[in-house]
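Only one structure is covered here, and it is reproduced in the block below.
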Amino acid sequence: MSDGPGLSDYRRREQSVTLEQLEQPLDVPGVESSAELLTLNFGPHHPATHGVLRLLVTLQGEIVRDIKPVIGYVHTGIEKTAEDKSYWKVIPVVERMDYLAYYFNAMAYVGAVETLLEAEVPKRAQYLRIIHLELNRIASHLIWLGTSALDLGAVSIFLYCLRERDIVLDLFEMSSGQRMHTRYFQVGGVIEDIPPGFERKVREFCKVMPARADEYGAILNANEIVLQRLRGTCPLDAETLLSLGVTGPLLRAAGNPWDLRKAAPYSSYEDFDFKIPVGTVGDNYDRFAVRLAEIYESVKIVEQALDGLPEGPYITEDRKVALPPRHELATSMEALIHHFKLVTEGFRVPPGEIYNPIESPRGELACFVRSDGSSKPARVHMRDPSFVNLQALSHMVKGSYIADMIATVAMLDPILGGIDR
Amino acid sequence: MPDATGLELLAQELGDSVLETVYFRNRATLEIDPETVCSVLRGLRDRGFTLLASVHGVDYHPSEPRLGVHYELLDMARVDRVTVKLRVGLDAPEVDSVTPEWPTADHQEREIYDMFGVVFRGHPNLRRILMPEDYEGHPQRRDFPVGGEPVIFTRDERKWLEARE
Amino acid sequence: MAAGGIDVEVKRERLGSPVEPEGLRVRDLNAHQLLRGADIEGPNRPAHLEGEELERYVEERVLTTTLDSAVAWARGNSFFPLAFGLACCAMEQFHTAGPRMDIARFGFEAFRASPRQADLIILAGRVSIKMAPIIRRLYDQMLEPKWAISMGACCSSMGVFNNYALVPADKFMPIDVHVPGCPPRPESLMHGILKLRDLVLADPPEGWRTRYAAVGTEEAP
Amino acid sequence: MLRTYLPAIVFLVLGGAVGGTFAVLNSVIGPRRAAPHKQDPYECGLPSEVKRGMRFGISFYLIAMLFILFDIEVVFLYPIAVEFRAYGSFALFETIVFIVLLFVAFVYVWRRGALTWK
């Protein structure tokens, strides 16, 4: 497959882009000749970019003078694929966008379709959804903590976090049969009720997790190197963050307690009491501390949701939307017709547009669904928090050292699947 | 959410640039004239909608004018959301860019340009963001083929090899 | 189905040689008995051996290996994978290197950051057309001899997203092992790597198709 | 004379031999396949744009010189430390003077701000 004399079209494409085109006149005070500046690819394949993010970094010695994120290296055309699938089949496609918070993608999409359909989600399904959402938030924060500590040199924390995350993935496998991209959320509720032993295992995990989080806190907060690298580096105040549209732990670290679970509660979040960790200065240490504290809050929510888990159906009774249970198919003809109609063509959604925001581990994740009355969505767009938060990177990093840039990219927690969609 | 009457009041205050107001599933949407997008957003910002949450494009293929751009605005004090929608034809897909006033729209407008071909006048760095720089065509338009190719399974490997010679 | 219809009638005959008798386990047992001299003649045979039994005994006990099978053994057991996560499969790749699945048991946990020190590239995730030339360049810059594992359906056959944006890895680089799954479990990635190790050790276990020379089991064209 | 140096010589010969064989073994056994971009500099998977004539900033050289200065100081301490008991108190004072002198240099460099990166 080597390209031989004529370049294959992939190779020609990439080499056609040279840095001069991307170069912009650099108005850096005090640097007249650009001989001292070095433009470097902090490129798609790099251990510290948390995915295939390419940062065009202009360096003056150790100091970062200008940074330009170049993305699109894992663009999969998910929004285009979602447009020619029926509503029911879009869920697995949408889940694969932000591959650390897959339950949140499904929740945003399913919430939007339920609002369009005005389908009523039973209370038990809402509680089950919250349990899985908060467990997924913990799992996402664990991968963030592991890889960020890896970037700062604390390699063993990576293995501890994976040990905890394995337990959470076992819970997902127990309730839905698959570790990742479980397609557990359906329009109108969840696809299956939780098996009998699930509640006991989740309580065990909820007992173990705070103690483990204390261990991580003890190791990292006592480590002078980590503190030196995080405290006081690359701060950004709340106003600039708001003008850049940044939401989530980055905004809360700067002091603005904006969290959609409290501000606009959805899926019965108002039944639980939990606190929102908020930082003060807005530097890397606050971002780290806010996310670490969120793990404890998520554990509290899961425990309260388990205590208050109501009885009742786990999916909406409306047969137009939800599949009838298997045993009913043998007896009632009507269930068979519903089943056949749903499986072949899928349910139709009244025409309209909806923008459904929820709180994902990285910020406001919203799904815009436009339906034209057929059984396929006309447009599915995900407002991904990492995509918007990435714009704040250049404001944070200009003028700081390379080591601080690596710590800032780690604390930004960008997920390239969500950015490139 | 501004309820139906609040939406009508908002529309009158913003004057004739609002073409239509839609109140659907208690969410407010203002459809505006594309030329006045900057002034409408500035007016809404004065009324408390300080955070521009999202800018995204939609292709209303069968109906004209075809390319739509949506602006989702959020008022954090009153926890209030409003959507500003504008429609642009395929012949003159030109809209004023809001990036100078709202820096968050930078990458999102580049994505709409990359995926739908709507040119934003005044954008500091309008270039493709997701597709390769020298890619032809705007993939998320509805008439752009979904693409994809048949997968080479072991059973028809021979067929592919002959096809390649 | 195409014109051929489903002619999937499975014919299975056992191959000529059943499991190769000279397997290691069997040779060990022979040597043991030779030493005790039990099976030669009569139980009271003196233990020492000479002449022809001595050669057989020595040949049984000493594992004679040619140089390249020794080199293949060294290469197979010391992969240095390139830390290269593209998308969701990278998360499962972390877990393969994590404490439970623990790739370190087989010695492959040294994930190298630069292609200059890696001889196995695991494509964990979906390959977009913008990323394909970069991966090809990385593959060119890797150490010789090099192998490539395409982990997950997106990389092997564009999986769920068969659209304008993705490229199957086979189109631009030679792939040795395809690991199915979306994302594949850590265990199945581990199985893929071990299968590659057997491939490198040049004695891959015969798949059931080759062992039974099964014909007609491919799907219809 | 040879008797006392024998372990050192054996050590050197063995180290050289093992190191040499592994280096040579690689070029003897390893396959050689030319690939288009194999010798290009590796820059995260992209063609590197760094021109040859790129000059490093002056602060890099400053830090390098300071490091060499204080590293040599430590190297001088090793031989003294080996036979410290035999030299008695004379060596102790000598070393202290040596360290104090260099410490003065260190404080000067520190106060002048050469250690902070500009």
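A, B, C and D label the chains in the order they appear, each numbered from 1.
Keep this in mind: a contact is a pair of C-beta atoms (placed from the backbone, for glycine too) under 8 Å apart; a residue touches a chain by one contact, two chains touch by 3 or more.
All values derive from a computational prediction rather than experimental measurement.
In this assembly, the chain whose C-alpha centre lies farthest from chain B is D. Remark: among chain pairs C-D and A-B, A-B carries the greater number of C-beta contacts. Between the Cα centres of chain C and chain D there is a gap of 42 Å. Work out the mean CA point of chain A and of chain B, and you get 22 Å between them. If each chain is reduced to the centroid of its CA atoms, chain A and chain C end up 35 Å from each other.
Chain centres here are Cα means. That of chain B falls 49 Å from that of chain C. Looking at chain B, residues 131-132, 139, 144, 146-147 sit in touch with two or more other chains. In chain C, the residues touching two or more other chains are 129-130, 134, 138, 163-166. Across the assembly, chain A contributes residues 13-15, 43-46, 72, 75, 77, 80-81, 420 that each touch 2 or more other chains.
Every pair of chains in contact is given here: A-B, A-C, A-D, B-C, C-D. Note for the complex: chain D touches chain C at residues 29-33, 35-38, 40, 42, 45-47. For chain A in complex with chain C, the touching residues are 1, 8, 10-11, 13-15, 43-47, 51-52, 72-78, 80-81, 92-93, 96, 99-100, 143, 146, 158-159, 162-163, 165-166, 169, 179-181, 416-417, 420. Within the complex formed with chain B, the chain A residues making contact are 13-14, 16-17, 21, 24, 71-72, 75, 77, 79-81, 83-84, 115-116, 118, 242-247, 256, 258, 263-264, 352-355, 357, 364, 366, 368, 370, 378-379, 381, 383, 387-388, 390-391, 420-421.
By the touch criterion given at the top, residues 129-130, 157-158, 162-166, 168, 170, 218-221 of chain C touch chain B in their complex. In the complex of the two chains, the chain C residues touching chain D come out as 71, 114-116, 134-135, 137-138, 140-141, 144-145.
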